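Structures given as structure tokens follow.
The same chain A turns up in both complexes below, where it pairs with chain B and then with chain C.
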Partner chain A sequence: MSLGEELRAVAKKLLEDGKVDVVIGYGRGSLPLRSTPLFVRDAKEADKLIFDATCGANLARYLRERKDRAAVVVKGCDSRALVESLKEKQLDRERIVAVGVPCEGIVDVEAVRRSLGAAELLKADLDGSNIKVRTRRGEETVSLNEFLCERCRSCDAREPVLADERVGEAVPSPSAEKGALREFEAKGPEERWAYFAEQAEKCILCYACRNACPLCYCPECFVECTQPNWMGREHNLSNAQVYHLMRAIHLAGRCVGCGDCARACPMGVDVGFLGEKLREVVKELYGAEPGADIEAPQPLSAYKEDDWQEFVM
Partner chain B sequence: MADRVLTKDELFQALRGASEEKEVVSPVLRDGLVFFENWSPDSEPHLGAGVAVRSAKDFFFPPSEEMLSYQRTGRGMELLDAAGPEERSRLLFGARPCAGRALQLLDRVFDSEDYRDPYYLRNRERTAIVGLACTEPLSTCFCTSAGGDPFSTEGLDALVVDLGEDRFLVRAFSDKGAAVFGSAGGEASDSDVARSDELARAARESASPSVPVREAAERLEGAFESAVWDLFHEKCLGCAACAFLCPTCHCFNIVDEATLSGGKRIRTWDCCMFPLFTKHVSGHNPRESRRERMRQRVMHKFQYFVKNFGEAACVGCGRCVRACPVNNDLREILGTVAALSEAGEG
Partner chain C sequence: MGGSAEKTTDDWKPRIVAFLCNWCSYAGADLAGVSRLQYPPHIKVIRVPCSGRVNPLFILRALQSGADGVLVSGCHPGDCHYATGNYYARRRFALLKKLLDLVGLEPGRVQFSWVSAAEGEKFAGVVRKVTDAVKALGPARQLVQAGS
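And now, the complex of A and B:
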């Protein structure tokens, strides 16, 4: 059985046995190299479920709003988000069936599009380790590996940590590729700030990044608060930077590095690069890896006698 | 002005000339994406295929703008006019025909009998719009389904058509448009015009299979309580990617921001998909969930706007389709809505 067939069989059975009211998974998107979240309530509809390198969306994000019993397809990163959400008591474990899938990285559609210049991406097919790409110029084959999402490159936890059902074969988790982060850190402060400004300049404050994130669930987000006015209303560089900085800090110790924020952005902002660094910092200072262990206390809300406290006078 | 034909150099020369007395904005290719940027001496405007990521509404109804400001003066305050010094006239070059149509739709809201928005109109009046015909519509474009056309001249002061072989047909429809090119290039011949018509026909045919905008508008009449609204909201993230990039979306928020010495009143883009959009001071929210907000979005653009102004608030530019983080495809939504029965049942 192929991975897709296995997944569909599991989904069908969960629905037929009445174990869940809905299966949240991925369906084929209407644009090249895109998938789209699918909410399947009928076993017959389960045939539409797919899983491949286009399935980037962190579906754990949809659970917090639901009152029904849901099965959710989760990759390694998504399952870690599930674990963090459970730790923060945002979800009811009894109402969730996690269906773990193996992931070897998600294709960065924007990167593929950029490589084509002004030629529109008309069609694309995943073909093993390649992508067959069609534009008005004709067809070309590119390597999937060359076009993986940045966050996927530095992923060292591909196996779902929480899975009630597991489909597919286990995939090895390579050691994290931190080259890009090290390269960035080697730059001077002006250059790093300039990069951040260049990214924030593109931001239209649509909050797609925030809304895609499973851990951004505050009923009142700091951007909506006017007393105090944490963030100005004007759409300018300063406010965009405040937004990204504050969100990164709010996610410190909680962000699982799924990279869905960057994928969600319609403007190609490098969202999440701050989060990437903060994950390292949290690991260094508190030995914590968000979402890795459901029993582990959260670094910023749990007290340990040997907590790092250099900053305390 | 009679139709003229210019080479690319002559076109850019005209823009260079214009930039001496006006602000000039033109489309530029960055990393495979088109953005409108201010003209500079080494600008290389992109005249090939591609639609700007951001819409031309940015130049008339920007993401945020100051409406007024004040300074505290001892025990009183002094109101400062946000109009500022006389702004230069401006040329928006290379907008697509859908941009011209979109501005006409925005005019219905910001320049009506009941209300003339001074901020919008200031920008409208000082700007000449020279469009670039779409010889290669994107696969996500559906302007022909939304009352438009890849070679439409509506709302434009002039239109440039790439005839190929470094020949650009330029047609002006107003004094503003004619003034940009003056007597540059040469007069267009009948065969130039015929070539343009041929390109228009080909473009029209390739602009996406029919998206049922009109049928959807008809079916939406009385569909407020329909179960169809259960279908589209679940995967939606409730962000503003679609609304902010849409050339006709125009909802806004007004806030006052004050410091100890003064303050300002600003207008910013708002989005009906944000929960805060209709939240009352009492805490009650008439559009409690994404289901109600999605219904509002679709009804506003495809039903209420039609009732109020006779056409849908959509020009088929496809930005929402391309931008949506979860690929919630408006074309599919309209298809589902159009398939509703008369009674609003799916």
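And now, the complex of A and C:
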């Protein structure tokens, strides 16, 4: 049985047995290389479920504020978001069935498009370790591995940590490829600031990154607070920089590196590189790994008397 | 870096915002005053109940509004008036510092210290150090909003 067939069979059974009211998974999207979140309530519709390298969206988001029982398809990162949401008491474990799937990385559609110098992809199909693409210039075949999302490259936790059902074969988790971050940190402070400014200049403060994030759920986000008006609404570099810095801080110890933020960005901002650094920092300083252990307290809700304080004068 | 390059004229006085916790650092600053200790007058003090009250956004907002430097000072770990406030603050500021270093914010602009109510001399020393560091860096250029 292929992965897709296994997944469809599990979903069908869950619905037929009445274990859940809805299966939240992925369906084929209407645009090339895109998938769409799919809400299957009828066992007959389960045939529409797919899982491949286009299935990036973190479906854990759709579990919040549900009154029904839901099964959700989760990759490694998604299951970690599930764990963090459970830690924060945002979800009812009794009403969730996690269906774990193996993931070897999600394709960065925009990167494919940009590399081909095309305004849009007319057709694209995954073909083993390749992607067959058609643009107005013609047909091309590119390597899938070359166009994985940035966050997927540094993923070292591909196995779902929480799975009531598991489909597919386990995939080995490579040791995290931290090359890009190390390379960045080796640059001087002016260069790093220039990069940060270059990214923030692209930002239009649409907050798609925040809306896509499964862990950004504050009823009143700091950007919406008007009394006092913390965050300026003007679209300038300074506000964009502060927005990204603060969102990263608010997610410290909670961000699981799913990369949905970067995929949601319409402007191609390198969202999430701040989160990646903080993930490393909380592990190094406080031994915290978001989503790894449901019993472990979040790093900013805990302290040790001998916490690192070399930064203090 | 964005913004117009300003020459540091002799007239330029650094503007440093200092968040001081009420029970230790603010009292330490008060002691420095009562003891007639001399230290640079460029800090603008904002009294908070505890260093744990300081939201990293306050620090960034101060920089946006034109502060050339920001100091946050609280009780020594273990001596917090509210028992644990400064422990949480310590973790929060550690992460902020790492993040600001990563993006290349000039080090020396944002500083943290533990100053107790009895450490008037130490407070004066901290302010001297921070002021010197900020003077050496010149007017802030990063994160500043036009019209600040």
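By our rule, the second predicted complex is superposed on the first by the 300 of 313 C-alpha atoms of A that agree within 3 Å, B and C clash if a C-alpha of one lies under 4 Å from a C-alpha of the other, contacts with A are read in each partner's own complex, and residues count from 1 in each chain.
Note that a contact is a pair of C-beta atoms (placed from the backbone, for glycine too) under 8 Å apart; a residue touches a chain by one contact, two chains touch by 3 or more.
Here the structure is a predicted model, which means the values were calculated and not measured.
**Student:** Touching A:296, do we find chain B (first), chain C (second), both, or neither?
**Tutor:** Neither chain B nor chain C is touched by A:296.
**Student:** Could you say whether A:212 touches chain B, chain C, both of them, or neither, answering first, second, both or neither?
**Tutor:** After superposing on A, A:212 lies in contact with chain B but is clear of chain C.
**Student:** Using the touch definition from the top, say if A:163 reaches chain B (first), chain C (second), both or neither.
**Tutor:** Neither chain B nor chain C is touched by A:163.
**Student:** For A:282, using the defined touch cut-off, is the partner it touches chain B, chain C, both, or neither? Pick first, second, both or neither.
**Tutor:** A:282 sits against chain C, while chain B stays out of touch.
**Student:** In the superposed arrangement, does A:144 touch chain B (first), chain C (second), both or neither?
**Tutor:** neither
**Student:** Once the structures are superposed on A, label A:3 by its partner contacts, choosing first (chain B), second (chain C), both or neither.
**Tutor:** A:3 contacts neither chain B nor chain C.
**Student:** Quick one: classify A:245 as touching chain B (first), chain C (second), both or neither.
**Tutor:** In the superposition, A:245 contacts chain C only.
**Student:** Go through the superposed model and pick first if A:136 touches only chain B, second if only chain C, both, or neither.
**Tutor:** It touches chain B, and chain C stays clear.
**Student:** Go through the superposed model and pick first if A:191 touches only chain B, second if only chain C, both, or neither.
**Tutor:** second
**Student:** Which chain A residues come up in both lists, the one for chain B and the one for chain C?
**Tutor:** 232, 234, 236
**Student:** Quick one: which bits of chain A touch chain B in the complex? Just the residue numbers, please.
**Tutor:** Listed in rising order, the residues are 29-31, 34-39, 57, 61-62, 113-120, 122, 136, 204-208, 210-212, 224, 226, 229, 232-236, 263-268.
**Student:** Which residues of chain C touch chain A in their complex?
**Tutor:** The touching residues are 1-2, 56-57, 60-61, 64, 77-78, 84, 87-88, 90-100, 102-107, 111-114, 126, 129-130, 142-146.
**Student:** Could you list, by residue number, the parts of chain A that touch chain C in their complex?
**Tutor:** Residues of chain A touching chain C: 184-185, 188-194, 196-197, 222, 230, 232, 234, 236-239, 241-242, 245-246, 248-249, 252, 274, 277-278, 281-282, 285-286, 299-303, 305, 307-309, 311-313.
**Student:** If you look only at chain B, which of its residues touch chain A in the complex?
**Tutor:** Residue list for chain B touching chain A: 29, 31-34, 46, 48-50, 53-54, 62-64, 136, 138-140, 234-235, 237-241, 244-245, 253, 255, 257, 266, 268-269, 271, 274, 276, 321-329, 331-332.
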